Amino acid sequence: GETLRIGTQKTGTFAWQLDVIRRHDLATGLDLKISEYASPDAGKLALNSGSVDLAVVDWLWVARSRALGAKLLFYPYSSAVGSIMVKDNSPLRKIGDLKGRVLAIAGGPLDKSWLIVQATAMRQGIDLKREATLEFGAPPLIFQKLQQGEAEASLNFWNFCARLEAQGYRRLLDVRDAEVALGLEQPVALIGYAFSEEFAASHKHTIDRFIAAARSADDIMLRSDEEWDALRPLMNAEDEWTFKVYRDRTRDGIPRRPVAAEAADARTLFGTLAAVGGPELVGPQQELDPGLYYQPAPLGD
Amino acid sequence: MPRVYSLAALVAVWAVVAALLQSRLLPGPLTVGTTILADLRSGELPFHMACTLGRVVSSFAIAMLLGSIAGYAMGRSRALDRYADPWLIVLINMPALVTIIFAYIWIGLNETAAILAVAVNKLPNVMVVMREGARALDPELDEMARAFKFTGLSRIRHVVIPQLAPYLSASSRSGLSIVWKIVLVVELIGRPNGVGFVLGSAFSLFDIAQILSYAISFIVLMLVIESLLVQPLERRAIRWRRRPA
Amino acid sequence: MPRVYSLAALVAVWAVVAALLQSRLLPGPLTVGTTILADLRSGELPFHMACTLGRVVSSFAIAMLLGSIAGYAMGRSRALDRYADPWLIVLINMPALVTIIFAYIWIGLNETAAILAVAVNKLPNVMVVMREGARALDPELDEMARAFKFTGLSRIRHVVIPQLAPYLSASSRSGLSIVWKIVLVVELIGRPNGVGFVLGSAFSLFDIAQILSYAISFIVLMLVIESLLVQPLERRAIRWRRRPA
Amino acid sequence: MNDAQSAGDAAPLELRIDAKAFLSADGTPVEVVRGFKLRLEAGSFGALIGPSGCGKTTILRIAAGLDPDFRGELHTPGSGRLGIVFQEPRLLPWRTVEQNIRLALPAHAADADLTDLVAILGLGAHLARYPGELSLGLARRTAIARAFAVGPDYLLLDEPFVSLDEAVAARLRDELVALTTRTKVTTLFVTHDLDEAIQLSDRLFFLSDRPTRIIVERSLPPPRGTRSRDVIASLGDEMRGLVAQATASGA
Amino acid sequence: MNDAQSAGDAAPLELRIDAKAFLSADGTPVEVVRGFKLRLEAGSFGALIGPSGCGKTTILRIAAGLDPDFRGELHTPGSGRLGIVFQEPRLLPWRTVEQNIRLALPAHAADADLTDLVAILGLGAHLARYPGELSLGLARRTAIARAFAVGPDYLLLDEPFVSLDEAVAARLRDELVALTTRTKVTTLFVTHDLDEAIQLSDRLFFLSDRPTRIIVERSLPPPRGTRSRDVIASLGDEMRGLVAQATASGA
């Protein structure tokens, strides 16, 4: 059949979806060559060097690359994002309480969740950059630091938040809610499948096939609890609680609306982020490139 | 024997500290030992270790060979040194991340790129050390060899290399460790196997026992190689040295 | 002068390759130059560079000082070497990631942890080189110094250090570059400023021009330090060496 | 040159080496000295003469206290101001001639006036040179200057005057005699030149082949230093005879 | 010892050094040789005698072709089999005595039988030792063995017999005479020992102080090597007179 080379992070959720596709043989006629890497940035590297055809990456990154001349396309994969977490007994209740507190942020100052949080705070007249003490670090380290009490609140990737939740931490602000607060209909899928325009043009069939398979997998994951039991060995969940949170958060993140609706909300969000992050974040363009989203052909074969 | 005592002491210290702290963030020798055993049985550890070792050996060989030759040439020829030195400074101070990214982008996310990136990272360090060694060569022995018309080969083998031996020794020992550390980064960023790949995944899960079990397995391997191969060879090579009184 | 030509050649090669490839993934000297200027004006570059430099200098000083002393001691005392060598092998082969994680976990996400993690990473490399240097010390000069009852200080200063000079030179030059590379990783993992912090963000955005502009700024700094400080000093220190005929 | 006076106590040099062996690189022990016993009165001048490779340098290193790894006993004379000329110059290549000399001086004498000494040794023009720029003869003279400069009361000399031309060597011998009579220096001297030994010494020690011991020991009538050419020649012939006899009977 | 015959062409050694200077570390030039001109017939034996530090080693290095940085001209004799004894042994410390000797041999003679040579030099017991384990005298003998072993037709010796006892030195002098008469070797020899020079040479060259040149040049009547003690003494006195005169007039 046709070959599709896919790059994925070993500990990421994309690996789960691929496992569902494999076990249910959803990608009939497609030969999936999957490369697992340890770093979340490996997918970008692999796409750029042409070592894989498709990888799951950041929406903003694709937008930025396009602006800089790389002809990449994007298709929504998940809208799961992080949250600001605090200890259950913490006195912090809302964004405003973060003033003068130590907030640890996973990733860098250009992390998408962090930008959304900043924008939300600004709407409430709070400049977190100035009014809170910020620590940046690698996600696992930030996760650890909150538990050690070195930070009073932390903004981390959703999977770390899920583990914290299982350990009795509480959400101070869910970035999904923040997105809605910024005027979006629904949270946008901030990560998705990326592939080059060139590949999409010459292998449209392959891409469409794969997207169809991915949707079928999503359906199964939404419906079936047994499916999750089968996935459990992959998930590195420490306990039942964590496992359940992982499952539910993943389900929440599965995008269920047409690409066009996504694109509309994405444009709004992009504008907001451009205002917060500036060209440093979004690149030279101040508007979202309308050609960013890939439109699969209606299923017909 | 001292070797054994000393390692035993190290493990003992670790065990005591771990027992006192009782933290998931510092697993004791027992926990790590069990993890190692489990990973050995599953075949995971030998597999990833073999991948890493292959990369370490290839890049080390490339870097040592080219680096020694280039460093020696720069140490001997002042003119060459003057011209090549700025390039060397650029190369040696280039962040590993940059070389790795460029290798991966331009060569592809494959073995060649990985090995090359590591070799390029290590190369200038070998050059810098070997250059010092070449500069410190004894001109009197050189004259002797010229007077007696030593062939090029025998000059290298009997006059130059023995003088460079401590530099070779230093740069290969410290070099092997640098290569291994860079291989980890290279694997972390873009290889689907190897110890670095495992460490990266373990780090994102904050699985310290896993991290330690792989790190320690490699270290044990190095200890074995040192004890059985490097040190006996070295002892032979410096037999001639008068022991300080 | 050769220095200038040689650097000009390097930049020229880069410009030509970049012009030929015309790729977003290899910005030319002009693009990078503009980025550097912009970052200079905004004050971002000097700020992050200063943070990094502070860390580099502190950890380098710690590692060189302790490493030289420890390596020298191991090179001189066979007994000490026998006991400490296994620890050294463990230390030198410990992945940077492990030391960094442990430092950040146990000391906290702060400067002390960052500087210590880097120093601990670099320390064993200095030790290994200085140990070779100490082993190669001339026992005859040592005897001379003992016979004439040189004081400890004057023995170190006039007998030992000049003999160790090439080793010190090699290990500090290659060492500075290692320190700087590890500082980048330390900053990447857990510091809110510094060149490594910027490179991390730039890498996740794949902003090659930004990456290169920071890397090159640092390299230029190193080139300046080499040309104006290190090499003149070095030339003075080896004035006594007979030039090979 | 320092005009330091020797310390009050007039202890002799006493050295007994029952056995001294080296472990060679292939692990076999090389026995170098066996049953060696030497006593040299305080302030007197002894010469060691023996075949090449017999163990003279080994004995001198032990006498200097540089090699404690032997069976036997050592009592050094004087207050511990040792001057030594090794068989090779052993200069610090990275220090100038002057620095090499001064570095050996005790701290309180670091600024001593070296003009006379330097003039006698003909080193004036070379004080700022590095050892790598010296001829071997100049390097040896620097080593001699270093040993004399410390104002020793205990002096060990290992063939100090080889590689020097006749004129310089003669001048230095005279200087050595002057130094060792002016101040009370106990001196042990190694040479292959019997005439030189007879000219300079109070006492001669002839050594056997390895493992070495003293086979002939002989006091010479004073005054030393001023013996005439004829006296030296006749004493030399006499000594040669004695040694040949001792060697034959020992064999 | 190799019994190689010298090459057919009987070219003499011709060396003219108009000027030779070193640049010392502080940048000042040191003039060492000026107006030196030496011619030595093929197969003959010349001795250079001069004050310590005048430039003998410098001249020998130039004669060996090791230092092309001089003004003048050099024509070496023989077919290019050079044997040289440096003023210091210059052995490879990491190779045994035997290896040090054999490494200097040309490839085709690498397995040459060294038994005789080693016996003459008394190195038999030390073949497997490293230079660091040798006494200086033994190291020098190794260096001499190395120079002789190559079967040279051009031989340069820089004070080869210092630090050896009288017996060994005498044996080696005889051996040198035998070697240089048996095969046709052009030899240039540096020594401070006038008697030795007279015993061994066809021709003597006396050098001035630095910058050095030849002040007295003298052929000795054959046959060399077998001159009696008295002949040597009287020739020596004559030469000393000539040199003193030349030095005085030159000053």
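By letter and in written order, the chains are A, B, C, D and E; residue numbering begins at 1 in each of them.
Definition applied: a residue touches a chain if its C-beta (ideal position, glycine included) is under 8 Å from a C-beta of that chain, and two chains touch if they have at least 3 such contacts.
No experiment lies behind these values; they were computed from the predicted model shown.
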Same-residue or different-residue interface between subunit D and subunit E, half as cut-off: same
Chain pair bearing the highest count of C-beta contacts: B-C
Chain centre separation (subunit C, subunit E; CA means) in Å: 50
Rounded Å distance between subunit B and subunit E, as computed from the means of their C-alpha atoms: 49
Cα-centroid distance, subunit D relative to subunit E, in whole angstrom: 28
Centroid spacing, where centroids are CA-atom means, of subunit A and subunit E in whole angstrom: 85
For subunit A, residues that touch 2 or more chains besides their own: 41, 48, 138, 144
Shared interface positions of subunit C, touching two or more other chains: 25, 101, 105, 143, 203, 239-242, 245
Subunit D: positions in contact with at least two other chains: 25-26, 61, 66, 88, 130, 133
Interfacial residue positions of subunit C with respect to subunit B in the complex: 2-3, 5-7, 10, 25-26, 76, 79, 82-87, 89-90, 92-98, 101-102, 105-106, 124-125, 128-129, 131-133, 135-137, 139, 142-143, 166-167, 169-171, 173-174, 177-178, 180-181, 184-185, 199, 203, 208, 211-212, 215, 218-219, 222-223, 226, 238, 241-245
Touch list for subunit B against partner subunit E, complex: 140-141, 143-144, 146-151, 154, 158-159, 162, 237, 239-242
Subunit E to subunit B touching residues, read off their complex: 61, 64, 66, 80, 82, 84, 86, 88, 90, 92-95, 99, 103-104, 106-107, 130-133, 146, 150
Contacting residues of subunit E [partner subunit D, same complex]: 22, 24-26, 30, 50-53, 55-57, 87-88, 122, 128-130, 133-138, 141, 159, 162-169, 192, 194
Residues of subunit B touching subunit A in the complex: 25, 101, 104-110, 113, 187-192, 196-201, 203-206
